[in-house]
Structures are given as structure tokens and as C-alpha cells.
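Lettered A, B, C and D in written order, each chain numbered from 1.
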Amino acid sequence: MSSLDTLIQDLVVANRILAKEEVVDAYGHVSVRHPDNPNRFFIARSLAPDLVERDDIVELGLDGQPVRDETRQLYLERFIHAAIFEARPDVHAVVHAHAEDILPFGIAQATPLRPVIHSGSFIGPHVPVWDIADEFGDTDLLVRNMDHGRDLARCLGSNKVALMRGHGFASAGRSLIEVVRLSVYLPRNARALLRAKQLGGEVKYLTEGEINARASGYSAYSPETWRAWEYWASKAGCSHMVTRPDGKHEH
Amino acid sequence: MSSLDTLIQDLVVANRILAKEEVVDAYGHVSVRHPDNPNRFFIARSLAPDLVERDDIVELGLDGQPVRDETRQLYLERFIHAAIFEARPDVHAVVHAHAEDILPFGIAQATPLRPVIHSGSFIGPHVPVWDIADEFGDTDLLVRNMDHGRDLARCLGSNKVALMRGHGFASAGRSLIEVVRLSVYLPRNARALLRAKQLGGEVKYLTEGEINARASGYSAYSPETWRAWEYWASKAGCSHMVTRPDGKHEH
Amino acid sequence: MSSLDTLIQDLVVANRILAKEEVVDAYGHVSVRHPDNPNRFFIARSLAPDLVERDDIVELGLDGQPVRDETRQLYLERFIHAAIFEARPDVHAVVHAHAEDILPFGIAQATPLRPVIHSGSFIGPHVPVWDIADEFGDTDLLVRNMDHGRDLARCLGSNKVALMRGHGFASAGRSLIEVVRLSVYLPRNARALLRAKQLGGEVKYLTEGEINARASGYSAYSPETWRAWEYWASKAGCSHMVTRPDGKHEH
Amino acid sequence: MSSLDTLIQDLVVANRILAKEEVVDAYGHVSVRHPDNPNRFFIARSLAPDLVERDDIVELGLDGQPVRDETRQLYLERFIHAAIFEARPDVHAVVHAHAEDILPFGIAQATPLRPVIHSGSFIGPHVPVWDIADEFGDTDLLVRNMDHGRDLARCLGSNKVALMRGHGFASAGRSLIEVVRLSVYLPRNARALLRAKQLGGEVKYLTEGEINARASGYSAYSPETWRAWEYWASKAGCSHMVTRPDGKHEH
């Protein structure tokens, strides 16, 4: 397959993994930037991630509109992706989801969500909370246009994740494999922090030095990173769709 | 299929979805009003929702009695459905269930259940708690007749959901697809609220304006709504039973 | 099948249901009294309940010893069953298990476990906590002989369930179908109570009158009771082993 | 099969069980000491435990390095195993994992993790918490070399389990079957303790006498111990790989 074909297949796998790991359900989506044209990105048409196939992937511009004639329904909130790709040239993949266990941290903001476990380090030292009401008042909470999307991207800033009050989160990575891993461990970190607080006493967060040490050791196709991608794809029943970094297929 | 056949098939699908999503177990039921005769509704005979087939669907009147000779056992609590259909001409589908995570809010009433997440907005701004003991004293807590049912319907009023103390909930929608979605996200909203309270500090509920904005944007067969129905049916293993709004079958 | 064959098959089904519903794991067991000889009961040999077949069922006396030559290993804690059958002629089926969510109530005894949900009513108004250390000091916590068993049975008294501190519970019913249902809903009631307490404020327990009303309406082979047995057997993959009260097989 | 072949097959089974029981996910590993050469041990190459096959098992020395030419990637943290085998001649099997529900006890250290349930007794009376930062400052939290490993082994001392702050745990047993069982029940004990504390009031821990009584009754191939191994292997879909203590295969 061409590298573009491989990327699109990886995007299908990412959809299935996020569904199996319960980061998304019927709602939520994942996108990847076009490798040759930074002004475009790929995302599924409006469909539950678990059901996404190659033919369901569409190509959008940074205005969130399809670059070709498209009669199929698109995700209403595709502007989350468009605006983050627009604001962040370093970002190559985005997830938006409503993973249940991060929701409390957007609703009750007395306890900021921060890394407490090593696998949660990739969410970064600071996870801002975006409240659509601050700028737009009473809405249906959906990111329905570029104004909404840009306001969210502004709040995200240079961070990896922004929580969205009463709604979910948006996460940004340098690759699909990074943003999926980050999104899978985000709720786990949230649960560990919630329960640590229930135990009482001082909570030991990861230090900034530890978060940096982990970030600097990260590589999208290291054997350690690959191990999780391969495993999650297997759990999600799509091992056969996985292309290894060396271009070989899993079998 | 005729539209009535389709509706009954949809009711079978609704049973399976509610079972798969753990809203019901052996107990709990879902009904839909007859599209041509508002004084009648369809519901399964006494059977666990996961096991319901087309032939298990019976037709009842607003007194909760079968409109044809019926030798099979009926749900004891079918009067929940009859009384809500009687009191609420706007309601076309009803769920009664004991979804575990809403139970605490009926037992400890210091914290009212209200929407804190966007997918929970459809439960409406106010979720009353009905206590059968207020009117009927010590009972087995079951809604065994029209008196019980009407008292519950009175408590429900014009709301979408009433909690039933020590028992479960009743929810009312304009369509099967609406009441199923509402019933699936109700426990999720309950969990998010419980955990937000555990984090401490101020809880940001959805505002009345946000709840209204979401309600006014809702349409039973919008692509967004359909996406969830299609996904849940797939998870429940009954994609092949789903009829699309345009009358075509999923395949 | 003879009624004895049917009963033994029901016992196999009960083992599988309790495993599927996560009341037991590798450990825990269920027994049923011999219908024609009240001084004997049936229980599996030492084996995880999910793996139990007909040939694994053994017949024991009220001293906990096999009534026939038996070379296979027996459950160490079979004396729980023997002692309860000895002390309680009204009891025809017993479960012992370590269902996770009841454990906290045996460890932290400030909050007694009592019914808060209608499906939990069958645990009865009072659930005593037995601590083996009170009578026997430091042990391995196992009920290894009739002295241990009789002390537990004494604590159980005329109740339906006794918690065992740091260990699990023993439950007693008039039939297999009753004791299985009770044991499945016991952890659910425990979770509802724990979470209601986390919400704060007054907890509304079921009243004694409500518990009695439910108990007096209970019948082992009512359609409502049967509905759950049939459903759980289906989930556990053993619908084909189920014999209906009228002697017919499910198909 | 030779006893060495059997041991390696058991190690494959242990990998699968730990995955199925959610002690490990893509990460985490289990090892066993060479029965004839105490200076060597077996562990999988870098691979998710659920995917491990016989050919994925490698043989390492107590310096954590492979004893034969090995081109495949090894676990970065294999030094956990090497250092514990080096320090503890009594230990024949080691698990390192990030089981979610033990994490809070490493993060909020006000409540030490101690046995509260009989199946948790095997974690021993004292579970130290190792913080890599105490000796090594800001790191990526991984046990990347023998210095890290030896510091962890020192903290573990003669105990069965050490928690690793913000990371996971390391457990040590006299056999694979022991360390797997211990690692499966460790998170369950953690959950029971967390919830008991939420109920409030005095928590009744297992006494030192009870822990000792259980430890002295333990035997790796007792019928009770075997029962769990057989059950977990069945759940993990690898009954056919299990060799019974008498050398016979399960079927």
C-alpha cells in the first residue's frame, strides 16, 4: 500500500481501538492530518467509530469543509479538529471524545486533572478546562463552527489535552499512535487521581521533571509504543489491518 | 414491511439495546404507543428484554389490559406504561428500569439528579423522585395497578424522567429512539454527578438555557441520533433488524 | 428426567449463573438439600463453579462428609452448607461466596448492610456479620469443620444472609432459584447503599413493612422469578439445561 | 513434555491469565526462575502478555541480559525481575504490572495497603511503597537498569509485594501459580479497603496471626490453589495448555 493508504487504514484501526477501549461510544471521533498537505485532514463521515471502514473516511480542509463533493453527513463537531490543526502545526492527530471518567474533572473544577501515573504523563503537566459558555453563553455545548473551534484551540494552547466542561475532551498528538495512547490512558489517570483523593492525605503528582523525562523518551514507533498499538488492535479484532513501522503487515 | 411491522421490530431492537447497555437485566421493559390508535400500546409479554422476539410483543389498552385474548403472563408493572400514555398524549414511548447507577439518587435525596453532561441533557432540568410509600404506605414497591401508575404519572408531570425511590426510574419520550437514548445516558449522567461531588467544590450543572438549546436541536431521525441507534443495535447483535428512516434495511 | 435428575441439573445451572454474574470466581459454592432425604445435600466437588458438570456433583451428609466412597477432593468449606442445613429445616439451598462488593460491609461495620432497593429486599431486614475470630481467634478464616459451621449458623439465626468478616457471605433460601436470586442482588444492594451514603443526607432504607410485603408475594416459580432464572441461564450459556416448572425443557 | 517445557508453557499461561484478569494490559510482565540454574530466568520478549507464545520466551541472566544472541526487543524493565531474583533466592516467580486499582495506594500514602480479605492475605502484612525519586530524582519512572532494580529489591526486602509510586507494583512468589494468584487478588484487596474506608468507622484488617495461618496452610499445588489456576486458564482460553501437577494435560 502507499503510505497514504496505510495512514488511512491506521485511522480505521484508531477508530476501532478507541471504541473497544471505551474512549468513544456512538459519539467521538479521531482525525489525522494529510502527510503531504498540511491544510487537509482525514476523519470519518458521521458514523460510530466502531463501524468505520476505509470508505467512510473523508478529507476535509482547515475550515472543516470537505475538499470534494460529499453527500454523506459529516460530524457536526469536525471544527474541533479543523481548528486544532489550524492553530497547531506540530499536531498531526486529534481525538475528541466523552470518555466517562474524565467528565467529573470538567464539572467540578476544584481538583485539576494532572498526571499521577506514569502512563498518564503524556497528557502533559497542565490540562486546561474549556467552558463554551464563557465565550458563547447558552449553547447546545457542541463545537458547531470555526468560532467555537478556535476558542477551544486557544484554550488548549500548547497543551496536549483540554477538558470541555460538561462535554468531554480534545487531545492533540504528533501521530495517531500517540494521540490514541494518550486518550486511552487519560481516563485511567483520572480514575487513579479520583481514588487517591478518596484515600485522603497528600497526593503525589508526577513532577514536571518526570513528565519531561517521559516526554523526551517518547518515540511514536519505539517497540514500547508499538506494543500497545498492536495489543489494542488485537483486542479490537483488527490485527489484520495493522501495518508495522517497517511496512510489513501483522499476520 | 408495513410501518406497524417496522415499529414492532424497532421495539424488539429497543429491548435488546437496553439489555446490552445494562439499563435492564431480567427486569425492566420498554413500550411504544400504537401509531394509529393512541389508546393502545405495544410491550413484550413477561420476558427478559434480551430474549424478546416479535411474537412476544402484545398490544395493551390504556387500562393496561390486553386488547386480545392473551394467555401468556404480562409484566406486573405494565401500568407504569398505561398510566403515562394516558396522562401524556405527547409521549409515544416509555421505559421502566432499575439501572443500577441511578438508584442512589432515589435513596439519598440530598443531591437531586440533574444534567451535568451534554448527553444527559435529555433527562430535562428537573427529575422528580416518586415514593410509592407517600400515597400507598408499605407495599412491595411494584406498580401493580392503575392507581399506582396514575400516582407515578402525576409525579412525573411534564418531565422526561421520574426516579422511583428504592426501585428504579420511568422515562418518557416522543419516540422509541429518544427514550432509549435518554435511558442509556441517564445512568452515565448519574455517575458523572456522583463522581463530581466526590471531587468536591462547586458542581457546574447544565444551565436551563443549555438544556433548552439541546432539546430544541433534537430530532428523532437526525444523523446524530441515528448514529447511536445504529451503533447500539450493532453492539446488541441486531443490526439486521434495523430499518433506516428511509425504510431501507441495514445490511 | 426424574425430579432428582432435574434438581441436579438445576444445581449445575446455578453454578454457572453464579459464575457469570460474578458472585463466585474460582471460589464459592452452592448446594441444594436432597428432596427426599433432608439429612443429605448436593454440592460440587472442589472445582470452580463455572466448570461444574453433572458428574461433579457429590452427595454429602449433614456432617459434611460424603455418603458414598469419594476419592475426589471436596470443598474445604462444605461445613458452611452442612451446618446451615442442620440448623435450618426451612432452608433448601445455600450459597457461600466472596462477591467483591459485599466485602466492605464485613470489614467496616459502622454501616450495616440493609435493603435499600426492591430487588435487595430478599436479603431480609437484618444481615448479621459473623467474625470467626470472636470464637476461634486467629485462623485462616476458612470454615474448616462443623464447629466453625455451627458458629456461623448460630450467627445467621433465622436470617437470609450472614456476612463473614474479611471473607464473604453465606445465604440461605427455600430453593435454588431463591438463593441464586438473593445472591445476585446482594452485591447490587451493597453498591446502591455505598453510593447513596456517598451522596450524603438521609438514606431511605426499605421499611420492615415493605420487606415483608415483598417476601409474602414471593413464589419460587412465579413468572417473575422464572424470568430471571431463564435470563441468567441464557447469559451463562446454559439455556439448554433449563427445565421449566412444568417439566418442559427450554429450547 | 520435559519439566522445563512444562514450565515455559506455564509461563505462557501466566501471561494470558494476567491479561484476562486485567492485571496487565499492553504493559506488565511475568517471569519464572530457571529450575536448574538459579542464575537465569525466563520472561517474554517485549510483547503484550495476551499475545505471548512459547517462542516469545527468552532466557536472561541475573544482570537482565539475554544468555543467547537475541535480536528481538526485550522489556525495558526486565531489571525488576533480575534484581529481585538476585536478592531473593526464595523467590521463583515475579510479576510487574500497573493494575489500576492499586495505583491510588502508591499515590496517596496516608492509607497503607494491607490485607483486609482472606484472598488478599498472600500480599503479606506489610506492603512497602517504593518511590524511584527518593534515590534517583526525576526519571521517567521506569526501572531501566540494575541500579534501579536493586533499589526496588531493597525496598521490597522480604515482603511479597512492593508498590511503585505513580507506576504499579512488583510481586514475588515461590512459584508462578503463587505470584499469579497474589497479583490477581491484590487489586481486589485494594478495592475492598478503599470502599471500606468510604463506609467509615473502624476498618478490621486481617491480623498478623490470620495472615500467618493462611500462609502456613498454603501449598502451590493444593487442590484449592489448583482450582483457581485451572479456572483462570479456562477463562483466558488456554485450558488446553495447562499441565496438571501430576503431569497430565487438561482436556
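One rule holds in what follows: a residue touches a chain if its C-beta (ideal position, glycine included) is under 8 Å from a C-beta of that chain, and two chains touch if they have at least 3 such contacts.
Every value quoted in this text rests on a predicted model; they were computed, and no experiment measured them.
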In the contact graph of chains, the distance from chain A to chain D in steps is 1
Between chain B and chain C the C-alpha superposition rotation, given in steps of 5 degrees, amounts to 90
Between the Cα centroids of chain C and chain D the separation in whole angstrom comes to 32
CA centroids of chain A and chain C: separation to the nearest Å works out as 45
Residue ranges of chain C touching at least 2 other chains are 197-198
Pairwise, the chains that touch are A-B, A-D, B-C, C-D
Residue positions on chain B within touch of chain A in the complex are 116-119, 121, 188, 191-193, 195-204, 206-207, 209-210, 212-214, 217, 223-224, 227-228, 230-232, 234-235
Within their complex, chain A touches chain B through residues 25-27, 46-48, 50-51, 73, 76, 98, 100-101, 103-111, 131, 133, 137-142, 165-167, 194, 197-198
